[in-house]
Structure formats: C-alpha cells, structure tokens
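Down below are the structures I want you to see.
Here come two complexes built around subunit A, the first alongside subunit B, the second alongside subunit C.
Let's turn to the complex of A and B:
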C-alpha cells in the first residue's frame, strides 16, 4: 500500500503544497512588516528532501534568508528614530514584489492540488475496475 | 511541528517482530499476509497522524495525505474481500 507510483506522486504533490503554504506565510510576514523600521525581507529557497542520505522526490522549504538589499530611507524629521538629516531606515519590502510572489505561490499550490486530485481519481478508477 | 507520515509506519515496522513471531510462508499466502500487514500499517499511520492533527502537532497537509491513503487502503481491502466472498459463494452454489 505504501509504495507505488500513484502514492509517490500524491506524496510529492502534498510536500509541494506544504512548501507553498510555508512560502505564503513568509510573504504575509513580509507584508505585515512592510512599515516596520529596519525590517529585512524574508525569503527561503526550495530544496529536495533527503531521507537517510538519499534524495527523495519531495520538496521542502530551506532555511530562511534575510534580503541584503538596501533599506528604504524614509524622510520624517519628527520621527523618534530620525537622524540629523531627518531620515530613518524603513524596511526593504516591496509590496508589488510580495503580491506577485503571493500570486505565484497560489498558482503553484493550485497546480499541485490539481495533480493530487488527479492522482486520487486515477487510483479510484483503477479500483473501480475490480467492482464490476 | 511537522509529523512525518513515514514516522508512524517506521515505528509500526520496528515493533512488528515483537508481535508476530510466525515465519511468513512463501508464495501467494506470504504475499497475502504481507499485503494485509501493509494495509494495517497504512491504517495505523492514518490514525496516528489524525490524532497528532487533533492536538495540533501535524499540519493539515499531512492529515489529508494520511487519511486519503487510509481511505484508499480500506476501499482496496473491502473490494478484494467482496470479490473473495463472491467467489466462495459461487463455489458453494455448485451442483455436486
């Protein structure tokens, strides 16, 4: 029961869905902190899951990395964090990029969900052959 | 907090020798026994993940995956059983 190509593909799709959900969590953290002074944008790479030294077909999110891009300089002379020139460091989150990233995560999640549904339907139709 | 779905199966496999000491016969009977044990392991795995999800230790993806596998395993077992019973009744109805 535990082996077989259909099970393998449904597991791969599930791991990808989990990874996309984690990616979406990072994106919403970025958007939530878009106005936080000194906040650096979080990203995480995708990587293959390795079990017992052998790479599997599943995917997962790697360690979170902070963006090294220049922080946004905000001009606000009355702000408590402002320096002599009246500027302080904001976050380096670009909302347009985050929204595009979120949309991409959503599309990828949908693709994997579709594949999961198809895998399930295929195994069910195979089983239906026995019932006739 | 991510419960690996294979963890339950591994735990089950580790305790298996202590429970069933009988040697598995070769041939179709052995294959059938292995399939039945596989089935039991899949269902046990589904139950373990469902319990973990209820207390918030497994994410919904693992829950859906494990429950779908259990469901498919149960459906397979039920279908095979139906066919076996049907064949048996067919033999009983034979004129002698």
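Let's turn to the complex of A and C:
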C-alpha cells in the first residue's frame, strides 16, 4: 500500500537522523576530551535493524568502541602525570579527523531531513485527493 | 467511459510505484554510512508496465473481471553494481539518492495530477460540476 511505503520511508529517515545525531554526540565527546590524559577516541558503527530475522529499512548505531590507536606522548617535565623521561600519555583524538567526521554526519543528517520533508509532501498531496 | 478507469488504474499504479521507490531510496539514504551496505533501486515504471502488459497479463473474458496488472509488486529490485564501493564496502552516493528521490516525487505528483483530473472529469460527467 502506498501510504505504507511512505510511512516506511519516513521511519527509515527518522531512524537515520537519530543515529547521525548520536554519532555527532560521540564526536563532540571526543573533541571535548581532546586534551584529557589517557582518553581514547570513541567510535560506533552503523548497522541495519533486524526485526524477526529480516533486515528492515531502519538503521541504528552499534555498540561504542574505544580506539586502540596509540596514545599521544606529550612532553611536559613539570606535569604531575609525567614519568622519568618527562612524558605523559595524552588522548588519541585527532581534531582534523573529528571535524571531517562531524561534517560527514551533518551531510547525511541533512540528506535524510530532505528526504523526510519530501516524503511528507508526498503523503500530504495523497491526502489532498480526499479534500474537496 | 472505461478508458477513464484504465487511466485511473494506471495512475494509481504509478503512484504506488513512486511510493515504493521512495521507500527504497529512504533505506539507501538511511544506510549511507553502514559498512558493506549495497544501494538498491526499483526497475523503471515504464519497463514494469510493459512487462506486465506482455507475458504476465491475464486475459479478461468479461469486462467485470479484475485486471492482471500487479502494480508495484511487479517492480524488481535492482542493486547498483557499477558503483565503486567506498573503503567500507558501502555503495550509497548521497547525490544519486537525492536525484532518485526527487524523480520519485515528480512521478508521484504526475500520478496524482492525472488521477485528480480523471476524477474531475467523471464528476462533471455525472453533472455535479467541479
């Protein structure tokens, strides 16, 4: 049924926007902790939602993973965390990567919003057939 | 007279096809960042209609028999294989999907416009005016 398909579309777009927003939250957590000693960058994969063994159109964010990349060694002899060589472990967040990731999330979010809007217009014009 | 119904049925099928296509595009866009996801699309409506008219059409021996055309159920899903996947195996391109969705929207608009004007025509034939 046509309205069913349109409803499916808006559900898919909504789930994608939610997932992108969660991704953006992780990115901002990473950026906020860019200078926290010992902080590991958080990432989460996207995955299709499976209902009763069948993949649906919806998407969600998978479990959060901590990056295993090596922590940044910061040279600061006077720092309370510094070892004998005068270094301590910083975070492994790379701001450039985070910004690029944030841009990608934003782009996908906007595309989904656009699609949602279009789907809404389609179902509205369908309902307009009843009016008059 | 019955041409009118044929026309309305065709525009209904076009609207159904457009909605189904929109839902496929929505799935693609939602999975734009899912690793390993392959973008899909529906077969063109024109091709669907032609194939339904040809082999699979049921013969109607009486005018009040139901027609054989199955609408969007007949549209096959096709996967884009020509697109070079990104490093995580995903083949969704935002631009392509937005173009597809706007063409589905246009298709839907055309279908509804035709349907509406057929409806108007029928109404004025019944003498109720617009």
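Rule of thumb we're sticking to: the second predicted complex is superposed on the first by the 128 of 132 C-alpha atoms of A that agree within 3 Å, B and C clash if a C-alpha of one lies under 4 Å from a C-alpha of the other, contacts with A are read in each partner's own complex, and residues count from 1 in each chain.
By definition in this document, a residue touches a chain if its C-beta (ideal position, glycine included) is under 8 Å from a C-beta of that chain, and two chains touch if they have at least 3 such contacts.
Not measured: the values here are computed from a predicted model.
Touching more residues of subunit A than its counterpart among subunit B and subunit C is C. In the superposition on chain A, contact is made by A:57 with subunit C only, not with subunit B. Of the two partner chains, subunit C is the only one touched by A:114; subunit B is not. In the superposition on chain A, A:8 makes contact with subunit C only, while subunit B stays out of contact range.
Of the two partner chains placed by the overlay, only subunit B lies in contact with A:18; subunit C stays clear of it. In the superposed pair of complexes, A:103 makes contact with neither subunit B nor subunit C. By the touch criterion defined above, A:124 lies against subunit B but remains apart from subunit C after alignment on the C-alpha atoms of chain A. Contacts of subunit A with subunit B, set against its contacts with subunit C after fitting on chain A, overlap at residues 1-2, 10, 15.
Subunit C meets subunit A in the complex at residues 15-16, 18-20, 22-23, 25-27, 29-35, 37, 72, 94, 97-98, 101-102, 105, 108-109, 112, 115-116, 119. Across the interface of their complex, subunit C is touched by residues 1-3, 5-6, 8-10, 12-13, 15-16, 19-20, 23, 45-48, 57-59, 104, 107-108, 111-112, 114-115, 118-119, 121-122, 125-126, 128-129 of subunit A.
The residues of subunit A lying in touch with subunit B in their complex are 1-2, 7, 10-11, 14-15, 17-18, 21, 51, 120, 123-124, 127, 130-131.
The touching residues of subunit B, counted against subunit A in their complex, run 2, 5-6, 9, 35, 38-39, 41-42, 59, 61-62, 64-65, 68-69, 72-73, 75-76, 79-80, 82-83.
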